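In the two complexes that follow, subunit A is the common piece, with subunit B as its partner first and subunit C second.
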Partner chain A sequence: MSEPHNVRVPVSARIMGRAVPASGAALLLIYAVLALVAPLIFHASWISLLYLTLYFISLAAAWNFFSGFSGYINFGYVAFIGIGMYAGVIAYVDLKISVIASFIFGGFVSALFAALIGYPILRIRGAYFSIAMLAIAEGARVLAGTEYLEPFTRGGSGIAVLAGDLVLQYYAMLALTAAVVASSMLMARSRFGLSLIAVREDEAAADGMGVNTTIVKLTAFIISAFFAGTAGAIHATFLHYIEPFAAFDIKYTMLPIIMAIFGGLGTVVGPVIGGLFLELVSDYAWLHFGRMNVTLFGLVLMGLVLWMPDGVIVRLKELGLLPKSRMI
Partner chain B sequence: MDFLTTYGELIAFGIILGTMYALVAIGLSLIFGVCGIVNVAHGEFVMLGAFTAYGAWSFLGINPLLTLPISMAVLFAIGMVIGHFLVRSVALRGLMPPMMLTFGLSLATWNTAEVLFTPTFRSIDYLGEPITIGFVTASASYFAAFVVGLGLLVIFFLVLKFTAFGKAIRAIAQNRDLAQACGINVKRIEAMTFGLGAALAGACGTMVAMVWTIYPQMGLTYLSKAFAMVVIGGLGSLPGAFLGAYIFGVAESVGTHVMTTRMAQVLPFALIVLILAVRRRGLVGAAGDE
Partner chain C sequence: MQNGAPILEICDVYKRFGGIEALADCSFSVAEREIVGLIGPNGSGKTTLFNLLVGYMAPDAGRIMFRGEDIVGLRPYQIARKGMARTFQITRIFPQMTVMENLLLPARGANVGEKASELLELVGLSAFAHEYANDLSFGQQRLLSIAQVLMLEPSLVLLDEPAAGVNPAMQHKIIDLVHRLNREGRTFLIVEHNMDLVMNNCRRIVVLNMGRKIAEGAPADIRRDPEVQRAYFGS
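After this line comes the complex of A and B, so read on.
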C-alpha cells in the first residue's frame, strides 16, 4: 500500500495519471451503452456468456468488498451464495413473490445470515477465520440436504424453478454488477473504507486509533453477503434447478477468490478485470480441457500466488500505467 | 443393560475411529507447528495414500496390510518434495500465501485424480467378515486398522521423543532461529516434517481403503474432520490433536447413533464453529493466531 515519496514519477506516468480519469470515464460510458443494448444486438449464446461474465465479476467484487479490504480471507463465501439461491427460489416457488422481489429477498436472507454469524465469527482471526468459514459453508451444504430442512429445501432431490428469461437475468445481473462496483468505489474512498484498510494493515493499531473494528468488519461482511446472496438468487433462475451440491459448489468460493487475486486484492477495478479475463479463460478451458478445468484453475491459483501475489492492477500502478488512486 | 452395551460399543467404536483420524490430525498439526503452514492439501495426502494402496493391491496383488509401508513411503516422498518447495519459496512467507497455494494444489490434485481414476467408489476387499472382541462387533478390518494405527502412533511419538530427527523437529517448533544457530538444517528438517505428515495421512488413507470406500474427492471430508480435531486441540499442539481426534471419533460414533446419518455429517463443521466461537485459538490454544 505504501508508496515511496522520494522516487521521481516518470513522465509517462504523469501524463497517464491525468489522461486516465477522462479516458476512463469515456470508456466506462461506451461500455455502459454497449452492455445496455447488448441483448438487442447479440445472439442468445453471447448474452449467456456475457451474463456469466457479469455473474463472476459481481461475485469477485463482492468477495473483495469484504476480504480484499479487511484482510479476513473468506473461504466459505459459497455459503452466502447458496443461501441466497435457496431463499430466492423458495420465496418464488412457495411464497409466490415476483421474480425481482425474490432476487432481493435472497440477498436479504443471506445478509441476515451474515449478521447472525458475524459477531462470533469475526472475532476469529487469520487461519482460524478461514477454517471456520470453510466449515460453515460445508456445514450449510450438508444441512440443506438433511431431513430437518427437507420440507423447505426438498433435500437431495432439489427444486426446479422456471422464472424470468435470459434477458431479465442479464439485466438483473448487470444492475447488480454496477451496484457492487459502485459501492466498492464509494467505499474505497470513504472513512468506512479507510477504517477497513486500517483493520487489514494492523487491527490492534486501528482499534487503538479509535476505529470501531467490530462494527466496520461486520458492516462490510453483511454488505458482501447481501451482494453474494442476490447474485445467487439471480443465478438460481439461470440454472433452472438447484440442489445442495449445485448451490454450495466450492467453485463459487474458489473462482471469485482467484479472480480477485488476479486483478488485485483490495482494489476496485481488480476483481472486474479478474472476473472478465478469467471467465473468458474458464470458458475456453471448459471447451478445450473439459473435465480437467478444475486442475487448470488450481494451477493458475498456484502460479498467481507465486509470481503475481499483488495482481494485475497493483503491477500496472507500479509501472505508472494507472494512477495510484484508491478509486481504481 | 442394553443402554450400557449400546453406548459402550459406540464409544469403543469411536476410539477405533479416533485412532485412524489421529494419524491425519497429528500430521496437519505437526506441519503447522514446525513449518507454520496450514496445509489445505492434507486431505489429498489421505486420498493419494488410499489410491496407492488400492493400486498396489488390485494391480500387483500385494496383501493389503503390506501395502501400508508402500503407500507411506510414496507419500513421504511426495510430501517431502512439496515441503521442500514450500519452505524454500520466498513468495510463500506469512500465513495466507501457503494456504492459497495448497488450496490450488488440492484442487489440481483431486481433479486430476478424478480424471485418471474416474469418480467411482472403490474399496479393498480384505478382512470383511465380522468378529466380536469384548462387546464390540465389527469387521476384522476395523480391528486391524486400530492395531496398526495405534502402533504407528506409538512409533511416531517414540521417534519424536528419542531420535535426533525428532529432537530437531521439536527444537524447530520451539524456536526456529535458535535451532538454526545450533546447527540444525532447518529447511531440510521442515521438508522432512512435511514428508512425515504426508506419510501418516497416507497410512490413514490405506486403512480407509480397507475399512470404508475411497474416491478422488474424499480429501475434503478428511481435511474438514482433521481441521475440527486440530481446532479442538489448538493448531500446532500435538497432544491437542491427539486428544481432539479421540473426542471427535467418539462424538461422531455416538452422534451417528443419536442423530440421523446425514445429520451426523454436520457434526465436524458445527464443532469447529462452536469451539472457535467460544475460544478463538482452540480449546488448548497453544500456538499464536497470526
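After this line comes the complex of A and C, so read on.
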C-alpha cells in the first residue's frame, strides 16, 4: 500500500517507494572497509586483479548511466575512454600537471567531447545512433594516429607514461567506482533519472509530458563520458603506454556493454555485479584455459541470454529476492 | 454558445502528407471552460490536428494560438508546460515505471507527491500506486493517462477517444471526471467516435471530413446537418 496521504514526502522517496534495507547498507559498509584496507593486506598481484575489476565495474556503470537508463545504446563508448587516456597522459607528460589532476583532466576533456558531439548525435535514434557512435569511435582512433594530431599524440608510436604506482591507481579507481555507483544511485531515484527512463520507454510521450528530452539525454551523455574519460586516464598510467589501437580498442566498448546487460540494464547494482563476475570469470578462464578463455566467456553469455535476458538483478527482483527499488 | 475568451484559436491550419491533404485550411476556436467535441469519419484529420496542436509536428501553413500566443514551432514539452496536453488513442503511459512514478514525471513545483496522491484517489488507483503501470488493466491505464496529463495542471486537455475500448462503468467514470474537472475550470477538446457520448456531454461540436471543417454547432444542429449526414452515411 501507499504511504499515508497528506504527509510531506520528498519526490525521491516516492520513486519506487521502498528504501534499501539495513542489511544492504551493512553489506555495503563491509565491502567498503575491505576495499579500503586491501592494499595493506594482499599481495600486489591480487591488488592488480582488484584494480582491473574496479576498472571494468566503473566502465560498465558509467556506460549504464547513460545507455542503460536512456535506452540509447552507445557503441562508440571507447571514444570516451580513449580520449580520456590521451588527454590525461598528454596533460601529465607535456603540461606537467599532477597525476591526480591528469585523471580529472582526462574526464573533463572526454565530457567536453561528448558535449560537442551530443547535440547532433542524440537526435538520431535506435540502431542509427549506435552505428553513428561506432563510426565516431573509429574516427577518433584514426585521428589519433594521423600526422595532424601527431604533435600531441605522437601518432602510431604512442606515448609512454610513468606516473603513480599501483596503490595510487587502485585507490583512484576505487574512488571513481564509488563516485559512479553513488551518482547512479542518486540519479536513479531523482526526477532526472525518471525522465531518462521515460525517454527509454517512449521518448515522444515523455516530450508531451513536459520533459525536455534533449537536455536530459545530453546531461546523462556528458556525465557518462566524464566518468569513462577519468577511468581511461587512470588506466593509462596502469598500462604505462598508450597508442591508438590500444586506447580505442572496440573491446572496451563491448565488455562494459556485456557486463551491464549481464547485471541488468538501467539498474544501479547490475553493472557492478556484471563487472565483478565477468572480469573474474574471464581472468579465471585465461588462467586455466589459456586461449580457450573466450569460449568459456561465450558459454556464460549464452546462458545469460537463455535464462536471464533482463540480467541478474532484474531476475532477482522478479523472484522477490531483492527489493524492487530503483536504488538497486 | 461560446461562454468565455478563446483559449485556443486554430487559424487556417494546413497540413499535407505527400499527396494527401490531411488538413485543409481548418479554423475553429475553443473558449475557456468549454467541452468541445471533435468528430469526423476515420481519416478526417482529427488525430493529425491533435498532433499539430501539441507540437508533435508543425503545420505547413496557418497559426495556432494558445492563450493569445502563437505556439507553432514550439517543442511538445514547451507546449505541455504552457498548459495544453493530450492523451493518446492508444494509451502511452510508461509501462516499466510505477503508477506513482508515471504521475511524478510530468509534475513540477511544490507538493507534487500530495497532488499525485489526490489524483490517484480521484481516479481510484490509490491501491496501485507502487505497482508497475504495465500491470494495470486497459481501463485503469486509461485513467492513469488522464491523471498523468492532469499532473501538468493543463488549462486545456485534449482527449483522444477517452472512452474507446473501456467498459460502460469505466466510461461513466471518465465522463464524470471530465465534468468535475470542467467545473473546476479546465477546458476540454475531445475526439470520440461514440456519438451518444459526444452529443450528451459536449455543448458544441466541430465536424471534420477529409481534412476540412464541414460543420460546427450545438449537438441538435449537428445531428440535422445534411453535410454531416452525407459524411457519415455517404447518402
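Everything below uses one rule, namely that the second predicted complex is superposed on the first by the 288 of 328 C-alpha atoms of A that agree within 3 Å, B and C clash if a C-alpha of one lies under 4 Å from a C-alpha of the other, contacts with A are read in each partner's own complex, and residues count from 1 in each chain.
Simple rule for what comes next: a contact is a pair of C-beta atoms (placed from the backbone, for glycine too) under 8 Å apart; a residue touches a chain by one contact, two chains touch by 3 or more.
Because the structure is predicted, anything quoted here is derived from the model rather than measured.
Student: Once the shared chain is lined up, is A:Phe297 touching subunit B (first), subunit C (second), both, or neither of them?
Tutor: first
Student: Which partner does A:His240 reach: the first (subunit B), the second (subunit C), both, or neither?
Tutor: Touch partners of A:His240: none, neither subunit B nor subunit C.
Student: Look at A:Ile131 in the shared chain and tell me whether it touches subunit B only, subunit C only, both, or neither; answer first, second, both or neither.
Tutor: After superposition on chain A, A:Ile131 lies in contact with subunit B alone.
Student: Of the two partners subunit B and subunit C, which one touches more residues belonging to subunit A?
Tutor: B
Student: Quick one: is A:Leu194 in contact with subunit B, with subunit C, with both, or with neither? Answer first, second, both or neither.
Tutor: It touches subunit C, and subunit B stays clear.
Student: Based on the superposed arrangement, let me know which partner A:Asp202 touches: subunit B (first), subunit C (second), both, or neither?
Tutor: In the superposition, A:Asp202 touches subunit C alone.
Student: Does the superposition put A:Val211 against subunit B (first), subunit C (second), both, or neither?
Tutor: A:Val211 contacts subunit C only, not subunit B.
Student: Would you please give the residues of subunit A that touch subunit B in one complex and also touch subunit C in the other complex?
Tutor: Correct list for subunit A: none, the interfaces share no residue.
Student: Give every residue of subunit B touching subunit A within the complex, in rising order.
Tutor: 38, 89, 91-92, 95-97, 99-101, 103-112, 114-115, 220, 224, 227-228, 231, 235, 260, 262-263, 265-266, 268-270, 272-273, 276-277, 280-282, 289-290
Student: In the complex formed with subunit A, which residues of subunit C make contact?
Tutor: 54, 56, 75-77, 80-81, 85-86, 88, 92-98, 100-101, 104-108, 111-114, 116-118, 120-121, 126-127, 129-130, 148-149, 152
Student: Note which residues of subunit A are touching subunit C in the complex, please.
Tutor: Within the complex, subunit A contacts subunit C at residues 1-2, 5-6, 8-11, 14-18, 191, 194-195, 197-198, 200-202, 204-213.
Student: Tell me, which parts of subunit A touch subunit B in their complex?
Tutor: 73, 75, 117, 120-121, 123-128, 130-132, 134-136, 138-139, 142-143, 145-148, 250, 254, 257, 261, 291-295, 297-302, 305-307, 309
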